[in-house]
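Quick notes on the structure that follows.
Labels A, B, C, D and E are assigned to the chains in the order they are written; within every chain, residues are numbered from 1.
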Amino acid sequence: MGAGSLIVLIICGIAFAGGGIFLSQVLAKTSTNPQKGEAYECGVPTRGRSWIQFNVGYYLFAILFLIFDVELVFLYPWAVVVKDAGWMAFAEIVVFLFILFLGFLYAHKKGALKWM
Amino acid sequence: MSFLTNYFSTIYTSVRSLLKGMWKTGYYFTHHKEIITQNYPENRDSLNLPERFRGEVVMTHNEENEHRCTGCTACELACPNGTIKIVTKFDITPEGKKKKALDTFVYHLELCTMCNLCVEACPTGAIKMDQAFEHSVYDRRLLTKKLNRPDSKLMEGVE
Amino acid sequence: MTNEEIKAVISEYSPEATFDETGTWLNVMIQATDWLPLAEALRNHSALDFDYLFCLTGVDWKTHLSVVYHLTSKKYGHSLVVKAKLDDRNDPVIETVCGIWRTAEFHEREVYDLLGVRFRNHPDLRRLFLTDDWKGFPLRKDYEDPINMIKL
Amino acid sequence: MLSIAEIANSLQQWLMATFSPGWATLIEFVLVGTLVLSFFAFLGLVLVFMERKVSAYMQLRVGPNRVGFRGTAQTLADTIKLVVKEGLTPDGADKFLFNFAPFLVLITSMLLMAPIAFAKDFQIWDINIGVLYISAVSSISVIGVLMAGWSSNNKYSLLGAMRSGAQIVSYELSAGLAIMSVVILVGSLSLNDIIASQQNGWWIFKGHIPVIISFVIYIIAVTAETNRAPFDLAEAESELTAGFHTEYSGMKFALFFLAEYVNIFIVCAIGATLFLGGWMPLHIGSWEGFNHIMDFIPSSVWFMGKTFFLIFVIMWFRWTFPRLRIDQLLNLEWKYLLPISLFNLLLVTFIALMGWHF
Amino acid sequence: MLEEIGTTEQGDLVINVGPQHPSTHGVLHLVITLNGETIKKVEPHLGYIHRSIEKMCESLTYRQFIYSTSRMDYLSAHMNNHACAMAVEQGLGLEIPARARVIRILMSELTRLASHQLWWGAMAMDVGAITPFFHAFREREMINDIMEETCGARLTMNYMVPGGVMFDLHPNFQVKTKDFVRFFRSKFDEYDELVTNNIIFQERMKNVGRISAEDAVSFGCSGPVARASGVSSDIRKLAPYEGYDQLNFTEALETAGDNYARYLVRMQEMRTSLSIIDQLIDNIPEGDFQAKTKAVLKLPKGEYYSRVETARGDFGVYIVSEGGTTPYRIKFRSPGFSNLSALDHIARGCKIGDLVAIMGSLDLVIPDIDR
């Protein structure tokens, strides 16, 4: 099967999830209670909003990820042909990775990999 | 260079410690003899509770439906939680005297902490601790028990 | 340090203190107003060095309240019991010792919660166990609990 | 010998012969859909049961043993329970995203099924960039997780989702690099080519130590990517109750749960395909007799055996190790796994170019 | 105003952990102020299971009140009872038979072992490893069986009475205890392999939740928490009771003051308890197991304070008697209460994940705090 299978799979996914949720809505006993709509916070009413700007230490990692992920995409075509392309390709990728690695070391030195 | 040796020795020791832990859990995964859980309700018959185990207070009765409780309320006083309520009545002795006797021995299992103080306090050894431990019921009123059997009498010679 | 020496030092700081040596430890009875200077002395005096406040509680004596401090010195190993008397039962106030022994913060909140002793300058004097709108102080002798399981 | 591929082929031929091409394709699609759906449900049931049994035996317990024969129907009972449970949506939640997230997560894991070769010549879609496809599609699931966590309007969920975002994207790098070392050796992105290249031995045996390192890194990275302990920070039970799916209940929770397990299956299937030869039987060099005996075992059994072995290893991790802390988790990736896998990649290239691999 | 809506300033998140949370061992409610993942402030809210045991005890007799302390720190119920019985004996001036003393020590050490085993499992579970919990329960079960046979109960033993113990030892006691000690010794290496030496566990524990010796003293910490900071605080050594001074054991001390030090102290204490049991199990003196006491106990007017070393630290009972059959005022100095007061100080600057580990290493038992 070709790319058509993706459509089948997507439909399957929707059917599975939708069917399950529909089935549970049909079968499940429901009752209304204002407390059911509260956000769970160990049984204590939430204080403050959750959707605030807050300090995520992960942000820098996301940026770093972007750099490396792009690099990864470049590597895929290279990986396929490297055996045929020979040593020249190897040398080139060593230089490529070396530059990247320098960048990585720089980030490390700057403390981007340290948790804030 | 020492940085690199350090780096790799860290990796070595960490991986080793992790593998050791996995070895241990792997050992238990393959050795089912080590399983310690019991198949509880099914093994009820073979359950062996030690005779001192305190599950609930019971009153001993002999074959003639006689108990040893004189209704002296020593246990009621000894109980820290108000678990025991003794209702007394007045019996007429053969000599025609009025004598205090037990009418109902009310036992609130839901309040009992199995501290054994009532058994210790009882001067006549009328009550004891039983090994029954499956007390759950759907109605908490069922936990209030009457310990002396219907129509039971005081044993001869117990004062 | 022997009890006699401790007594001598304490008398220096609060001359009105009385002593009782019948128990395991030396007991010192003082007025609540004398407490803070004495506490500072007990903690900071180099020969006393009572650095460990292991128990802080209060007792309701019906006519008055007292706050009892059990102190010991990790360095010298001697112990001392200080009983501060609070005469005004309606509004008992004593200085806090949070700044001297940090464990006092919790213990004082507990005493406030259950006995109603106010600790002046306490950073966060709120009810610890009971709800904020609770009426009365349960460990007072005149406190009547509307629900009493045992009497039920 | 009757194999799954033959059945599939004869079925297709029969369809083609009986119906017009359009109808045949449609029926084929419906058949595949039903097959995938039932496989999906079956996987969920089996993996959950397996997890419970594995954990039980490691914890000196028997595990589920009441419902059905030796407890085998336990997960079915659990599923029924989840179905009849009321699915709640918190008042403060972003309703659309909250309900959409489980769909997204589920569809992602569904899509990942496409290129997997379950048996010899038995594959939904023989895509020539299979490896790239998997890397690409699997990163969608993180969006579902972030969506779920953010839309719940719950602080635990939010923290869990943020953690999971940082974690999944980080570990994707080393997983990708580990996969790439096999790609270099094979010179193709197609899963079928990769399996075919392991005719005379699996890459883990042929590729010397660098491939073994890649394999280890791959297993660690995918454990983290699927949010499994010891990297289950997104759900960190003792810290964030249930992390990003704290607010989900009933069937919506079940979908997350199912997707998690199917994802484990998929990453293990990929791992088995890349490093352990997929459905390829165990062949040792020129031992003709031995190789011949191995060929008698159906290819699907080989594939499932390897995959489930890897799944077992991942479960083994979970029931042995404590959880890492978020900064340690990222440290592990950025200070250890990433540099090592970059270096390892060069080593593999070197070996490939020198032709040292068998 | 900002305080009111829970967001003190930009980027601060206020989260409730507990009363119903998988990480708190009991119903502890912590209000945590977070900056990202970093903890800025931890505020414990207590009272969810406050039963006012101190007030209840004021209406119970000296025989009865002992057992209400089992419900405080239920993991070292026996040792709590011990402290109470000792306070009453102190008031009555009772001399305890030698056999009863040895039985008390043996039972206390067994309880300490059981408590530490549970803590070990729970500690591992707090940092995310679930399997050790069950392994810990395997050994704990053996102790519980020993307890059940002699005391008649598994958790809240109610075995102490003023003047001794309630029953004599069960005939099987010695054999079973020896079996247990042998078995537990053989399994102790497993504890190390599964948890102690595990690199992830060490990373989670080392240099986390540090408290200095000075702060530990100032916060009134006791037990393993204080000892991990190098503060000698073992009541068994400082104020020996029931003949602990005649035993040969050393106080476990560490100096780092972090989670890992607390962990090591408790592991060391388990070994100490085993050695104490070894010393006593073959030398149980013959004789009475209970001193003769009156049916109704009356403590002379005065104040009595007794302290024992429970699994969590220094447990004290302060009885004020007015001469009646019930205490006038009673105060239980529970180790967990003081240890909890240090939590905010310890946890500041740590991550959420660390908070759970810190609580585990403090070994908080909430009913002990919420009396």
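The criterion applied here is as follows: a residue touches a chain if its C-beta (ideal position, glycine included) is under 8 Å from a C-beta of that chain, and two chains touch if they have at least 3 such contacts.
Everything numeric here is computed off the predicted structure, so don't read it as measured data.
Listed by label, the chains touching subunit A and subunit B alike are D, E.
With respect to subunit D, maximal separation of chain centres occurs for C (centres as means of Cα atoms).
Separating the CA-averaged centres of subunit C and subunit D is a span of 63 Å. Subunit B and subunit C have CA centres that are 41 Å apart. Taking each chain's centre as the average of its CA atoms, subunit A and subunit E sit 45 Å apart. The distance from the centre of subunit B to the centre of subunit E, each centre being the mean of the chain's C-alpha atoms, comes to 24 Å.
Residue positions of subunit C touching 2 or more other chains, listed in rising order: 150.
Among the residues of subunit E, those touching two or more other chains are numbered 13, 15, 21, 37, 131, 138, 194-195, 198, 200.
Looking at subunit D, one finds that residues 58-61, 155-156, 241, 319-321, 326-327 touch two or more other chains. Residues of subunit B that touch subunit E in their complex: 13-14, 17-18, 20-21, 23-25, 36, 49-50, 52-54, 78-80, 113-117, 120-121, 129. Those residues of subunit D whose C-beta lies close enough to touch subunit A in the complex are 25, 28-29, 32-33, 36-37, 40-41, 82-92, 99, 102-103, 106-111, 113-114, 124-125, 131-132, 135, 150, 152-158, 162-163, 165-166, 169-170, 172-173, 176-177, 180, 183-185, 187-189, 241, 246-247, 250-252, 254-255, 326-327, 330-331, 334-335, 338-339, 342, 345-346, 349-350, 352-353.
Residue ranges on subunit E touching subunit C, taken from their complex, read 46-47, 50, 52, 54-55, 59, 215, 217-222, 231-233, 238, 302-305, 314, 316, 318, 320, 328-329, 331, 333, 337-338, 340-342, 345, 370. By the touch rule above, subunit D contacts subunit E in their complex via residues 55, 58-61, 155-156, 159, 229-230, 232-233, 236-241, 319-328. The residues of subunit A lying in touch with subunit D in their complex are 1-6, 8-18, 20-21, 23-25, 27-31, 36-42, 46, 50-51, 56-58, 61-62, 64-65, 68-69, 72, 75-76, 79-84, 86-87, 90, 93-94, 97, 100-101, 104, 108, 113, 115.
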